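The structures considered in this document are given below.
Presented sequentially are two complexes of subunit A, the first with subunit B as partner and the second with subunit C.
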Partner chain A sequence: MKTIILAAALRLFFPLFIFFSFYILIRGHNHPGGGFIGGLILVIPFIFHVLIHGAKETQEKLFLKRVYSLRRKEQESDLGYSIRNIGYRLRGLIPWYSRQDKDRVLVKQYVIEPLHIIPVGLSLSLIAGILPLFLGEAFLTGVWAKAALPLIGKIGTTLLFDIGVYILVSAVVLKITMEMSKS
Partner chain B sequence: MIFIIIAGLIIAFLAPLLHRLLGKFIAVPMVLLPLGMFAYFCTFISPVLAGQPVLQEHSWVPALGVNFQFLLDGLGLFFALLITSFGVLVMGYAGSYLKGDEQLGRFYLYLTLFMTAMIGVVISNNILGLLVFWELTSISSYLLISYKHKYEVARASALQALLITNGGGLCLMAGLILLGIAGDSYAITELVQLRPELLAHDFYLPVVLLIMLGAFTKSAQFPFHVWLPNAMAAPTPVSAYLHSATMVKAGVYLLARFTPMLGGTEVWNYTIMAVGATTAVVGAFLALQQLDLKAILAYTTISALGSLVTLIGIGSTFALEAMMVFLLAHALYKGALFMIAGTVDHATGTRDTTKLHLLGRRMPMLAAAAVLSSLSMAGIIPFFGFIGKELLYEGAFEAPSYAMPLTIGIVFSGIAFVAVAMRLGYGIFFRKSAHEATAIGHAPEPGLWLPPLLLGIAGLVFGLLPNLTVTPILNAAGVSIAGAEAGQLELALWHGFNPILLLTILTILLGIVAYVFTNVFTTWPVHLERLYNIGPGQLYYFFKRISARGAKGLTGSVQSGYLRYYVATIIITFIFLVIGAILQENLYAVITRDTWIKAFSEIRIYEYILLILMVPATIYVSQTNSRLIAITTMSLIGYAIALAYIFFGAPDLAATQFLIETLTAVLFVLVLHKLPTLRTIKTYRANLASITLSTVFGATMAYVMVMVRQFPLDSELKAYYGEASWLEAKGRNIVNVILVDFRAFDTLGEITVLAVAALGIFSLLNLYPEKGDQL
Partner chain C sequence: MQLQDNLLLLLPMLVPFIGAVLCIFCWRAIVIQKIIALLTQIGLTGCSIWLLQHVVQQGIATIQIGGWPAPFGITIIADLFSCLLLTAGALAGLAVIIYSFYDLDKPRIRFGYYPVVMIMQMGIGGTLLTGDLFNLYVWFEILLICAFVLITIGGTKQQLEGALKYVTINLIASGLLLVGIGTIYGMVGSLNMAQIAVQAQNLPHMQGLFVVASMFFIVSVGIKAAVFPLFFWLPASYHTPPIAISAIIAGLLTKVGLYVLVRLFTLIFKVEPGFTTDVLLVMAGLTMVVGVLGAASQNDYRKVLSFSIVSQIGYMLMGLAIFTPLAIAGSVYFIMHNMLVKTNLFLVGGAVAQEQGSFNFRYLGGVYKKRPLLAIIFFISAMSLAGIPPFSGFWGKFMLAKAGFESGFYTIAGISLGAGVITIIYLTKIWNQVFLKDKSKDIPVNLLHKQPFKKMLQLPMLLLLTVILALGIFAEPFIHLTMQAAEELLHSEIYINAVLKEN
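Then we have the complex of A and B:
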């Protein structure tokens, strides 16, 4: 179902959906929303991507992770090279920062498998349950930090728990979608 | 103490990562972990020796009475120190033994997981907490036995160990829950106080039998011993740690722990005594017949476990104290001998005793370790094994009842021990024979001979200076089992000339004779083949076959594979339950003309619109022949329901419903072309049945709704959550607060189910049956 209008629209809406899902996740504690709904919203652009481009292309475009390193200069020491590389990697973390360095080499590439994200979500929720034990509370008791963050508000273990649900739900739905659209 | 457990779990799961980062140096943090734990437990020695057990409590699920209560008394501390000190040696040994193995990180994960679980078993005061850790040890044992999972033997042995020990674990669970009901408490310290009530309780007999089953399966008692020799498929560090020094002693620990609570009755003493003595004799008899180093050690371990259990069954104060001493002695020499067997295997590539000769020339340090530990095993003065064996004999000799047969059994097992110790310490290392010395691939590195040598030296030092080293802690452990009158034990090498010394000398002499006639024992069992064919080993396979066949038959008869039958089953069950409840509670809906008027006057105009959308859609969906139309129409109904949620003020629910409806439709579209054509049932009878079923279901639900409306809505709950969610959980959205805070445990369970479901879908969709394959 390759339609140019949908494809173009999706490019615009992709970040919007992600931000919106995150917004829904954060506001969940006081207003309608939360990890489950947020997670479902998060996968919407991915599902659209699958519908438009097919599962294979989605995997290549969105889930293929390439790790680059800088090309080694002649007679460069190990230490200097590693430091330069660390700096390069850190720069890469800045979103929308140009990574079009000419002298980079592909070190390795791998596909991020949604099935591997599921345990990440599950363990985040579990950790949120275990953290109160350190404070002498029962398992899964909500514990809150005294300080609050701007935009997000109070932070507590319940937020961490909800983030775990958010990640898990989106990964599960993503996995099911990818599996079903494979031919 | 909970931090010890949490630290253990965290480091266990970090192990694969550490392996990737550190390579072969992963052994360093893995050895430091048990070392740190050992040091931590050492800090508790002085209060425990002073007679003050340490009790700590953390709540886990307070509503169910499942709490982490940790108790460190003499018994728990003794085991904790044993587990952690062996942990240090085994972790180091494993680093050398499995050097270069790609899966070493995974191995350390399982091993550390096991160690943590085992510590949890011995320091839990809550019996349900104990059970959780108990099961965790079974699971980690399963993973460790199947570590070389490419070999079918390893997988089958692991499964056998899991089925037998977890079968016992299920019995134990039932026993502990009954015990909790009988005593109305789940804390061991409280249950011990309730001893008179428990002994008189109706549940006493089932509780005792079930707990015994749990202990016997774990400690490989006859006839459940079959899994232990097969578990030798695990890498040798595992055999040394789990299957000789610690895990198999969990059953002994359990019996010892429950002795002050449930012990002392005839059922308890005679059952345990009989099972233990049988195991001791059978294990010793079978050990003599083996040729494989690890098999020999496995069967002597079974025999030793039988002796320990026998001592618990005898139950006198002295016997219980002797049990602790023999347990320590056995752990020391058997752990060392297992590691030696592993090193020999590592260096020569074989464990067959007939192929191993004169190893002492090339591996002097290993030979020294072997001599030290086998002398201790044979019970030669001045080793700790001698003290252990003396006390073992004395415990059996002075048993209040059946002293004579017990002593004969124990002495028989002692004779086998001497013979086996000679084969291990002398036979393969020094004995001169016509054979050349066995070729050695490479000389073992220090990591492979140092741990057993340390254990051997410990056996010698503990034997020479028992009162300076181990007596206090053994006494403290004795007090935990046998009460305050214990704890006066003074260990000494020389007890004077008495019948026990005579028995010891007799044992050694007969043991040497048995060693000389080793060939007879190893070749003769061919004649016993028939007996073994009906033995417990075959019985296990028989039960496994039967249960597999039964499961297949049951599944075939219950699972039709047609969705409509499953839905029908659910609906019919539901209808019967609801109607049954209505009839039993005498709840009848009062339907008068006023009810109708009131009901219809309450409906708002846009709710009619929903009705107009939904009713025709419902009728249409049952008529259509196209899947696509059916799915779209179903989505229409789903959206209408979501709208209804909005009308009645449940935005969270509505949002979820909208998203799920959309998602379902999209997923259906993705797989639509793969589904077979929609088959419709057009027979008159089938239609009639479906229509009747749905009509009855709809009518029942409508009736229930009308009936519920007669009662005022109980708003206490709503008010409580409305208030508490802001004051206690700091959230204004009640639904979300309930999900992530008040009922977070449920949510955790649900997302776990979701994760498992994703795994299931993944494996089902990737399962392509070959032609003729049965699924």
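Then we have the complex of A and C:
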């Protein structure tokens, strides 16, 4: 089902869905919302992407991670080269930063699968549960930071727990979508 | 509150959960998954024994999740009964994990066998330790969903057919369980089991409604525990997956269902002479008879054992129906003993089938000559199951039968003894067909593809055998423990005070 209208609309709505899911996630402490619903909303644009382009293309476009290195200069020592590369990778973490294509070589590429994300969410929630134990409280007690952040408000272990759920739910639904569209 | 007190009760759930998360992190690296699974299971066994020792010394331990006080928050509570089952379950799980290293095929491990087993262990720990009715339902669902996954893993036609029956019937049961919980919540307005128990004593005019609610629990948990009219899904599905899977499901799942029945009927719905006792007695007797006859009529190692699970469930239910301290203690002892023995018998069957390529009696034979150690392991486990004196099954049956005769339930005690005789018959049948008889000559070609026998397979069986022997030969301390557990169960005010003391 490849329709241009839907594909163009999706491009517009993609960031919107993502930001809205963040909003729902953070709003969830005192209002309807939270990690579960936020995670489901986060997956909506991805599901549409799969519907429009197919699972394979979604994987290649959205989940393919390419790792680049700098081109090696002539007569450069191993140490100097690796230091330069580490600097390059660090700069790569800055969004929208990229180097000229001729300077870099593709080292490896891999697909980030939902299965790799699931345990991250699980362990975040687990940490949120265990943290209060070390502060002498009961398991899963909400522990709150003193200071409040702008926009988000006070942060505590409950938010960490919700973020874990958010990641877990989105990854699980994504996995289900991918598997079902493949078969 | 101290960190140690807090942590101790959570460890039976946290350890398998952490193990499962680490296993999912290492999804592709099977060797690392095996190491993690082994360490987790050893850790879980250690924690269970630690918790058991703590409870033996200091009585019932409780914590409140999130620091919310008792009737409002979720209570985690460990008494002797749950700790004994937890330890037995962890030991059985340890044996199955070691066994799976040498028997389970690669594709099934790649599909996530270890993480799912770990999460199932977490579900069992949660079910045994929670003190909240709805929480109990959630934990039960967790372990059932893991069982669904385990039964379907690999996706052979036979497995899917078995899983279809299993999933359908268990989903209906879950619905009924939820209705039961809803009824209880509607009547007393609380989900904390101790609070419900207090309210049940305070609301004498609602006794009729409590009986109705208790019937919902009997039917739904009865389906999950495979008692008489509702057992038919079990022999239809348990024999389909490979042994490393069916052993852990067969050893643990139905017993957890029975734990729920015993817990609810000692704490919330008292078994009073009249309707409930009659229902339980009839169910127990028929479960024993039908299970044992089914087992005797089968010709497949796994099917015999699957029916045998059903018949053993009858004994455990019988203790609950008689409802004297000795009978409850017999039930507790029998559940523990059965977890270990049944798992071990399944494992022996798996080792035999690995070499001979079949579970069907027609194609099996001659194991005694070839593998004497395996035969001895089977013999002792089987004698334990049948209840021959020095071994563990005897003490359980003895306590149950004695309790039955003492309190005048002659019929059920007689049925239990008769069923014991037939148990010996079908175990002798396995012994003759699989171990003693010479192997038949005309075996289909597709069964000739055998794997070489791995001696290490006997290690987990020997581990379980040691525990079974200890349970039988040094029975006194264990019987003492189960008697204590039964006293705790029958004096529900101990449980109630432990939960509600803090406010």
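Keep in mind that, in the parts below, the second predicted complex is superposed on the first by the 178 of 183 C-alpha atoms of A that agree within 3 Å, B and C clash if a C-alpha of one lies under 4 Å from a C-alpha of the other, contacts with A are read in each partner's own complex, and residues count from 1 in each chain.
Assume a contact is a pair of C-beta atoms (placed from the backbone, for glycine too) under 8 Å apart; a residue touches a chain by one contact, two chains touch by 3 or more.
Computed from a predicted model, the values in this text were never measured in an experiment.
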item: Clash-or-fit label for the pair subunit B, subunit C on subunit A; value: clash
item: Which superposed partner A:T58 touches (first subunit B, second subunit C, both, neither); value: neither
item: Contacts of A:V173 with subunit B and subunit C, given as first, second, both or neither; value: first
item: Partner chain in contact with A:L126 - subunit B first, subunit C second, else both or neither; value: both
item: Contacts of A:G136 with subunit B and subunit C, given as first, second, both or neither; value: both
item: Partner chain(s) touched by A:I118 [first = subunit B, second = subunit C, both, neither]; value: both
item: Contacts of A:L40 with subunit B and subunit C, given as first, second, both or neither; value: first
item: Per-residue contact with subunit A, leading partner among subunit C and subunit B; value: B
item: Overlap of the subunit B and subunit C footprints on subunit A, listed as residue numbers; value: 115, 118-119, 122, 126, 130, 133-134, 136-140, 142
item: Residue ranges of subunit C touching subunit A (in the complex, touch as defined); value: 1, 3, 6-7, 10, 14, 17-18, 20-22, 24-25, 27, 63-67
item: Residues of subunit A that touch subunit B when the two form their complex; value: 28-37, 40-41, 43, 47, 50-51, 115, 118-119, 121-122, 125-126, 129-130, 133-134, 136-140, 142, 144, 154, 156, 158, 161-162, 164-165, 168-169, 171-173, 175-177, 179-182
item: Complex contacts: residues of subunit B adjacent to subunit A; value: 2-3, 6, 58-62, 651-652, 655-656, 659-660, 663, 666-667, 670-671, 729-733, 735-737, 739-741, 744-745, 747-748, 751-752, 754-755, 757-759, 761-762, 765-766
item: Subunit A residues within the subunit C interface of the complex; value: 115-116, 118-119, 122-123, 126, 130, 133-134, 136-142
